[in-house]
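For reference, chains read A, B and C in written order, and residue numbers begin at 1 within each chain.
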Amino acid sequence: MTDKVAIIGVGMSKFGELWDKSLMDITMEAGMLSIFDSQVRGEDIDGIVVGNMSAGRFTGQEHLGALAADMGGLGPLPSYSVEAACASGGAAVRQAYMAILSGEHDMMMVLGCEKMSDVNQTEAMNTISVAGDWEWEGMFGATFPALYAFMARRHMQQFGTTDEHMSLVTVKNHANAAHNPWAQYQRPVPLKVVMGSGMLADPIRVLHSSPVTDGAAGLVMCSVETAKKYTDTPILIESSTQAGDTLALHDRKDITTMNSVVLSSKLALKEAKVELKDIDVFELHDSFTIGEIMLTEDIGICKKGEGGKILEEGITEIGGQYPVNTSGGLKARGHPVGATGVAQIVELTLQLRGDAEGRQIDGAEKGMAVNIGGTGATSIVHVLGR
Amino acid sequence: MAEQGVAQVWRKIRAIYNIQGNHCTTCDTYYFPPRPTCPQCRRKGVLEVYKFKGLGKVYSFAIVRSAPETFKRQLPYVIAQIEMDEGARLTAQIVNVDPENVTIGMRVRSCFRKITTYGESGLIVYGYKFEPTMEVTGHE
Amino acid sequence: MVGKVNPGIVGYGVYIPRYRIKTESIAVVWGEDGARLARGLGVFEKSVPGPDEDVATISVEAARNAVKHARIDPREIGAVYVGSESHPYAVKPTGTIVAEAIECTSDMTCADFEFACKAGTAAIQTSMGLVSSKMVKYALAIGSDTAQGRPGDALEYSAAAGGAAFIIGEENPVATITHTSSYTTDTPDFWRREGEAFPSHGARFTGEPAYFRHVGEGIKALFKKTDTTVDDYDYFVFHMPNGKFPLAMGRQVGVPPEKLEDSLVVRHIGNTYSGSAMMGLARILDIAKPGDKICMVAYGSGAGSDSFALTVEDEIVEHRGAVPTVDDYIARKTYVDYATYAKFRRKLKALS
């Protein structure tokens, strides 16, 4: 048993349309890089948790835990997958955290992965849409962008949020990703181009939406006592929380707020014994840019309805008071569904180590990641510290 | 794979043809689709079958311009969250309207349409869509 | 043929889809003179079903209107019959979908009918028999179609979509059916083989030996059996393959055009096949006065005619305004061009 869990190794595959690599290729890449980074030996790992949303539909394969252990040559150790739609990665991190905290495991590998380009775009869209309520939303024609569009339209009507606000998120995140060697898109995009892009589901434009991506990210986590054997700068998980909400968006009282985020972020700060202003860098789930706007409000960076205003004021830029998505976020880094939650932790770890070249928040000591499943039915929050 | 979807759809035919949900008589809340328990009352809740009147207003909406195969012929189409008069909300397409004319708060009424099919030789799924209330729907 | 109490229509409802295409919009694609064609056919525009509409959805909307109009408990409907030549399934009844959607399952009988454009009236006759023999209290007969016209063929200008539902019963009908008579032969004027997308027909053969002979003989037989003449009726409704045939038929029988005028919905919505004569009858019922007498003759290729003599009752006044009228549906329209029409009607091969 321990009372603090540390991250001692991180690794990522490049995120993008990776025709030459299979799901296992990218997962192994992320895993091995994280092991090398941690300087542990393979035999020291005593368990694997895989975060993945839908390998069955994307590639035909389930039972990824066994496959990963097998391909990694890590022997008969316990290994399984967890799924919480787009929060599968965060769920995997949380799973390993709880296992190490309890003493059942001492050193675990977390692998978040998704290979989405082996099916055509229409199939990929269909598969993503089951993150919402398939029976009562998807089947009736509500695509996943349409669900976020419902939220965007209410947010625009109630608070005056604009097309431009939603587009400023894209501009910021692409500018940040230009410094992220693993990001899917590494070139800045002008505001005019974003606002001129076609509509996916009015009012959400194509360039307000995260792309279809292949990618994997890995972590090596262990108790803080064990961590001291490998590094002087373990990054600690100060808290790990989760809260839920109704699966269908139409069953929520107010769709301009993700109540699961309000609850889980408040609890995360409390358990980490910090206030929001103590957090130096944020990774907030921007599957659609309106998501980032809503999350900045729901975790308390600004009041409800002012998520657009703070973008105008540059508050969430690198150099701003509350930098959000220095990695490029889901929009520019890419969104291989199961990998995202783990990639957020990778970015925060690099930031806290001082290794986020070109996009570093100077002296960053605390970071927060918010990973969302579906339209907010799951919210998993981690606070990291040095 | 023509047999796919059969039982899953059949089980909810009353719900999707007639917007039949339930009503918790303990806390007087209406639910659609029908729920196994009342989330507010849980074991204290007494649920009865309830058929919604089919009238409501638009709570939010989107104009879908990129969609799966079975919906391609209808693009662009309006999908909306409808708040029914009884209080429950559901997600459905709005038809018989030009997308530019849809507004939040617009009054709508349910109608019976094809929702989707399981391929060329598979089951046709029928169910609810909504249209603006007007003289020809028997309103105003 | 009928017992002491005549069966009648206790309630009715119709449905016509919103989309329309003008005769001229079709003609321009095939290089024809649209204005002349429209005048010649007596069809100026026709109704087009949306991509999510079919005979099941049209029948349900019409049936729901009928139930509301009749003010009956749908569970007392003991039979549902849907007549069409464009049922959504080749095997699986449309009737059960309708029955479930109006909540009259499961203590009831059901079947689908086919006899080209008179499938709906055949269903009415069967319903009359069930009701008169006291096998059921109410029976629902629907004539509904989303007929396909072969692109470039003359019938493309008139093949339209719509449906009419009539609930037959004995208690307080809005109109009594005092007599029905049919004239049936094996005449191949218009048909569609299994698996074919579009029907075939005998062109001019569909006129005199088919439509005119069967409607003419049918109405003659009705007049003889009821000892009536043209003068005993206030309104006539004939099946409307276009706007000319019913008027020509009227001239042959000696019906003054003003007695036919009000039923000619075909001019605005085209030929709704199994729904055609029944839609015409519905429009007459929308405007007729208690005591008026109506003569309706439906015609189905293959071939046969079903003739009906009806008397409008006082009861009809009570039910007016409950549901939209035929004119309400005719007035609700949005035009589409040929390309959109072809997309909706699945005439483009690539799209599934």
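Rule of thumb we're sticking to: contacts are C-beta pairs under 8 Å (C-beta built on N, C-alpha and C of every residue); 3 or more make two chains touch, one makes a residue touch a chain.
If you're wondering where the values come from, they're calculated on a predicted model, not measured in any experiment.
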Exercise. Looking at which chains touch, is this a line, ring, star, complete or other?
Worked result: line
Seminar exercise, completed: argmin over chains of |mean CA - global mean CA| returns B
Problem set entry | Interchain centroid distance [CA atoms averaged], subunit A/subunit C, Å | 59
Exercise. What whole-Å value do you get for the distance between subunit A and subunit B if each is reduced to the mean of its CA atoms?
Worked result: 32
Seminar exercise, completed: Here the gap between subunit B and subunit C, centre to centre from mean Cα coordinates and rounded to Å, is 30
For this session: Could you list which residues of subunit C touch at least two other chains?
Result: none
Problem set entry | Junction residues of subunit B - those touching two or more other chains | 69, 74, 93, 115
Exercise. Can you list the subunit B residues touching subunit A in their complex?
Worked result: 12, 33, 59-69, 71, 74, 77, 79-81, 89-93, 99, 104, 115-116, 125, 127
Exercise. Quick one: in the complex, what on subunit B touches subunit C?
Worked result: 13-14, 17-18, 51, 69, 72-74, 93, 95-96, 98, 111-115, 119-120, 124, 126, 129, 134-138
Exercise. Where on subunit C is subunit B touching in the complex?
Worked result: 18, 50-54, 56-57, 60-61, 64-65, 68, 88-89, 97, 100-101, 103, 322-324, 328-329, 331-332, 334, 343-344, 351-352
Problem set entry | In the complex with subunit B, residue positions of subunit A that touch it | 122, 125-126, 129, 133, 135-137, 139-143, 145-146, 149-151, 153-154, 157, 198-204, 248-251, 255
